[in-house]
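Shared chain: chain A. Partners: chain B in the first complex, chain C in the second.
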Partner chain A sequence: MNEEWCLGCHLCEYFCAFVNSGEKYMPKAFALNRQNVPNITVEEGDRINFAVNCRQCDEPLCKKGCITGAISVKDGVVTIDTEKCVGCFTCILSCPYGAVVPNKEGKAAKKCELCISNGGIPACVTNCPNRAIVLEEVY
Partner chain B sequence: MPINYIYPEYEIIRDKNKCIKCKVCVRQCSNEAHTYDEELDCLYEHNERCVNCHRCVALCPTRALKIVKTDHTFRENYNFTGELINEIYRQAESGGVLLSSMGNPKPFPVYWDKLLINASQVTNPSIDPLREPMETKVFLGKKVSKVEFDENGEVITKGYPNLELSMPILFSAMSYGSISKNAHEALARAAQELGIYYNTGEGGLHKDFYKYGKNTIVQVASGRFGVHKGYLEAGAAIEIKMGQGAKPGIGGHLPGEKIGEDISATRMIPQGTDAISPAPHHDIYSIEDLRQLVYSLKEATNYEKPVIVKIAAVHNVAAIASGIARSGADIIAIDGFRGGTGAAPTRIRDNVGIPIELALAAVDQRLREEGIRNEVSIVIAGSIRNSADIVKAVALGADAVYIGTAALLAIGCHLCRDCQSGKCNWGIATQREDLVKRLNPDIAYKRLVNLLTAWNHEIMEMMGGMGINSIEALRGNRLMLRGVGLNEKELEIFGIKHAGE
Partner chain C sequence: MKYVIIGNSAAAVGAIEGIRQVDKDGGIVVISKEKYHTYSRPLISYLIQGKVTEDKMYYRPLSFYEENNCKVMLGEEAVRIIPDKKEVELKGGKSVKYDKLLVATGSKPFIVPTEGLDGVENKFTFMSYDDAKSLEASITPDTRVLIVGAGLIGLKCAEGLNKKVKSITVVDLADRVLSSILDEKGSEIMKKHLENAGIEIILSDSVKAYEKNMATLNSGRKVPFDILVIAIGVRPNVELVKEAGGKVNRGIVTDEFQMTSIKDVYAAGDCTESLDISCNEQKILALLPNAYMQGEVAGKNMAGDKVKYEKAIPMNAIGFFGLHIITAGSYRGESYEFIGENSYKRLFINDNRLVGYIMIGEINRAGIYTSLIKDKVDLSTIDMGLLLQKPNLMMFPKDVRKQKLGVGHR
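Showing the complex of A and B:
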């Protein structure tokens, strides 16, 4: 996240919610007040804005707190197994970045998994109009 | 409240089926043409504030927006058009001079589109630039008239300082102030990568950009903003701006509200004061006076840098150019009446000056007749729109071209021509921090590099088609041009034949 270039346009949020909605047509994904919650949130300040999503921590606190072992780290990506998740939301409370949220149904937690199941390139990265969000491998 | 006579020029059309109410339009419009009502969960359009810059259209994720010209109309009148009527209403309301930006949009002839380029068939071979060497490199500056050798065959003639360009294109003078710092950075970095030059304009050189000095032309204009020894030494060449195509005969005015900390330091004037460039240089009232400034600048930089004199294309441009060539200038830049600007009085922009095509042909012809064409290079400006315009310009005698509007288009300008408001939604013609950051130079400079790389390739293709493998062999080669739909006088000035001849 290069906050220098973040315009606070919030497009990342909408594209995130869209690609994770399973819909093929963007207007449909947001029709009828469907509660598509994005995995990325833009924090707005007076002169600076930035988008926050999961930092993919090496030793994630959400994983540590998970009571059912639903959270694991695969190839550097922190993922939630919705089958195992019981919706206790301990992970939401323990994430210091506020990057974990309840899913639409409110029965399990969800978070940014870098769009690995949506083609591999995060939608927030490809759709950021000012290249403020970039995907870089950190060793 | 007085009656508002003016109906909005554009209408914002929102497809309610497609709109997802993400409000990106609300957030991105600096003119506040979109607003959101929380109580009714509804978006409103304020057409009277829309300048048709397409920022909302381009960022709308579902393409739910478009801007249309209003079909609201006055009673048909060929003489008093709706535009003229509205201008009278505006002046009757404000009592002020009408201001406009960018180039003259009026339907004067575009001579580039009446010139056609030749190609080889049967009797002489064309050249494939992908397989054979092709040279678009140019040198700008005074050329030696005779080369002398010593007894060992070594060249002993000393040349004059020249600018070396990888292609016959430079970025026009656009000051820091008229355009944003990020726009300047994009131009500077693109010039460096391409091996060409950008021009500081009259606003001085920001301290962060001295590192691009090798690819910078520093301008000295009538306001002398930001001019000091280090500035002159930083650039590869120095340009004296006598005139500008968009507003020949008048000066410039950067309003005080745009003179923030950075611009004030760069221009060397107090914060918040208006930056006024006088119409003339008050020390130049003749060619002899111009010569003094040319040589003062050469003296100050140890005769190491070529000096450019930039003028607007006006009625006696050939005679003026001849005088400039004799003043010691190394390069003459001529800016045609379609040249852009960050702000100019509308009446001047639309009615003063002459087309660059005619000015170029006249100047090149005159300098050749007087035997002084080798004393100066000619750079033209004032609406070069594509690579074909460049090929035609070179064939008419130009050494290189300045591009300003085309360069800004490449980095996002949508030619809404509202630069004077300082609220450019694309982060180009603004100094508002939140708007400037919309132009990421990493993206913008790459787009400039892409554009010019593509143009250079197209120039090579056209040269190859003519069987010419060096841009030097195209320069002033007017046999490569034919006119269509031009009268005898126009053909005479261009020095070309009509198509079919």
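Showing the complex of A and C:
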């Protein structure tokens, strides 16, 4: 995330919520009472804006703390099994980036899984108009 | 190298995963008193509530032991550690040799001897899968339940049983609920919330005597019940280490590598004491994340690595009837309180560091506060206005922010 380039436009949030909503038509994902929660959060400051999502940590504190064993790492992507998650939110307590959020029903936790189930290219990256969000492997 | 682990819960699993990060081949033997595949203890209340099915109780997949090349001895009880022979003796006379041993024996329910308690037929504790199963098998829609203890275990049990029984009464000696994790205001909010859900709560009182189906409280009040659940608290299982000559205070004492005072014997989880870095005191932090992380560190060190466990703090994430609580650290120093329509937040700042917080209702991104406590961040580098407002990364200086947004926790 390059904060110098972030416009604070929130498009990443909208696209994230849309592609993870299961809807095919964007307005439907945001129709009344269907507020889909994005896995990315834009922080707005006076002059600085940036978006925060999961850092896919090598030592994920969310996974270590998970009380049910719902969080695992698959091919470097930290993944939550929503079937196993009971929504205790110990992961929200643990994540130093604030990158895990309750789902729209508030019953389970969710987070960025790099759009692996949506074709593999994160929607926030492809739809960032100023290329502030990039997908890079960090060693 | 042969590793032996006594216990089969979060600390044991942490140790297995820790060992396997360092040593892929050494044999691991798990000795488990309970006869189950490793399961999540906190899920027992969800089980009786019907929110979790038996197949979802497991803390790791059923292939876990095989994948990690572990030999599991279910239903076996370790009765003695013999450090000179590097041996664990089992009930029934068998013994198991170890090169490195982990004691992850957890804790047991604490029961206050009370007049007439022995005569109560239907009494339960609420710690294990078996507890949950036998409690579940004993209730009917007409059951009146008395729970002694308004802490995390007692109230989670109350939530699980609610709507499945006729009535639930919770009694606690303290003058407020969840007194181990909340302040007075927080307790008051939760008490109201629990009462609105239909749970009767009696505070500043305790059971003086039991008759078969009646508890007489110290105040003189009588509470009829069909089922009694004792959830006063837990005590660490320290006996094995103590009898082997290891150092024990309230819990098993370890160094920062999780080794006990006995060479090659490690300990992790609810049976141990940890250094709470939010206040620099030795405490028993009987919390699942703490158990896992201690276990993982112990495992790595048992396998020859040299890593320290040095960021322990109390922390809890728990919800009751849809209202969520996240708390961490210790409640001392100057405090800042924020009361919203459906939320409550209090931050504790001591020595220019965030040392603790309570969040009820609004809990989003709480982990950022947790990280400030664990990293002992000097608040003179932080935008205090932003810190008080809500958890965010904007409060950090630019270089820290860039580091956080560039790379993860590595």
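Note that the second predicted complex is superposed on the first by the 138 of 139 C-alpha atoms of A that agree within 3 Å, B and C clash if a C-alpha of one lies under 4 Å from a C-alpha of the other, contacts with A are read in each partner's own complex, and residues count from 1 in each chain.
Please note the rule applied: a contact is a pair of C-beta atoms (placed from the backbone, for glycine too) under 8 Å apart; a residue touches a chain by one contact, two chains touch by 3 or more.
Note that this is a predicted model, so its numbers are computed, not measured.
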So if we stack both complexes on chain A, do chain B and chain C clash, or do they fit?
fit
Once chain A of both complexes is superposed, is A:87 in touch with chain B (first), chain C (second), both, or neither?
second
Check the residue A:114 against both partner chains and state whether it touches chain B (first), chain C (second), both, or neither.
neither
Partner chain(s) touched by A:61 [first = chain B, second = chain C, both, neither]:
second
Between chain C and chain B, which one touches more residues of chain A when both complexes sit on the common chain A?
C
Which partner does A:127 contact after superposing on A: first (chain B), second (chain C), both, neither?
first
With the two structures laid over each other on chain A, which partner does A:95 touch: chain B (first), chain C (second), both, or neither?
second
Identify the partner contact of A:106: answer first if only chain B is touched, second if only chain C is, both if each is, neither if none is.
second
So, A:14: does it touch chain B (first), chain C (second), both, or neither?
first
Tell me the contact category for A:27 with respect to chain B and chain C: first, second, both or neither.
first
Superposed, chain B and chain C have a smallest C-alpha gap in Å of 17
Give every residue of chain A touching chain C within the complex, in rising order.
1, 3, 41, 43, 45, 48, 50, 52, 54-61, 64-65, 67-69, 83-84, 86-98, 100-102, 106, 138
Chain A touches which residues of chain B in the complex?
17-24, 27-28, 58-59, 61-62, 64, 433-434, 437-438, 440, 442-443
Chain A to chain B touching residues, read off their complex
4-5, 7-11, 13-15, 18, 26-27, 29-31, 47, 127, 129-132
Chain C residues within the chain A interface of the complex
14, 40, 42-43, 46, 51-52, 56, 58-61, 288-289, 292-293, 296, 315-319, 322, 324, 326, 328, 363-368, 370-371, 391-394, 401-402, 404-410
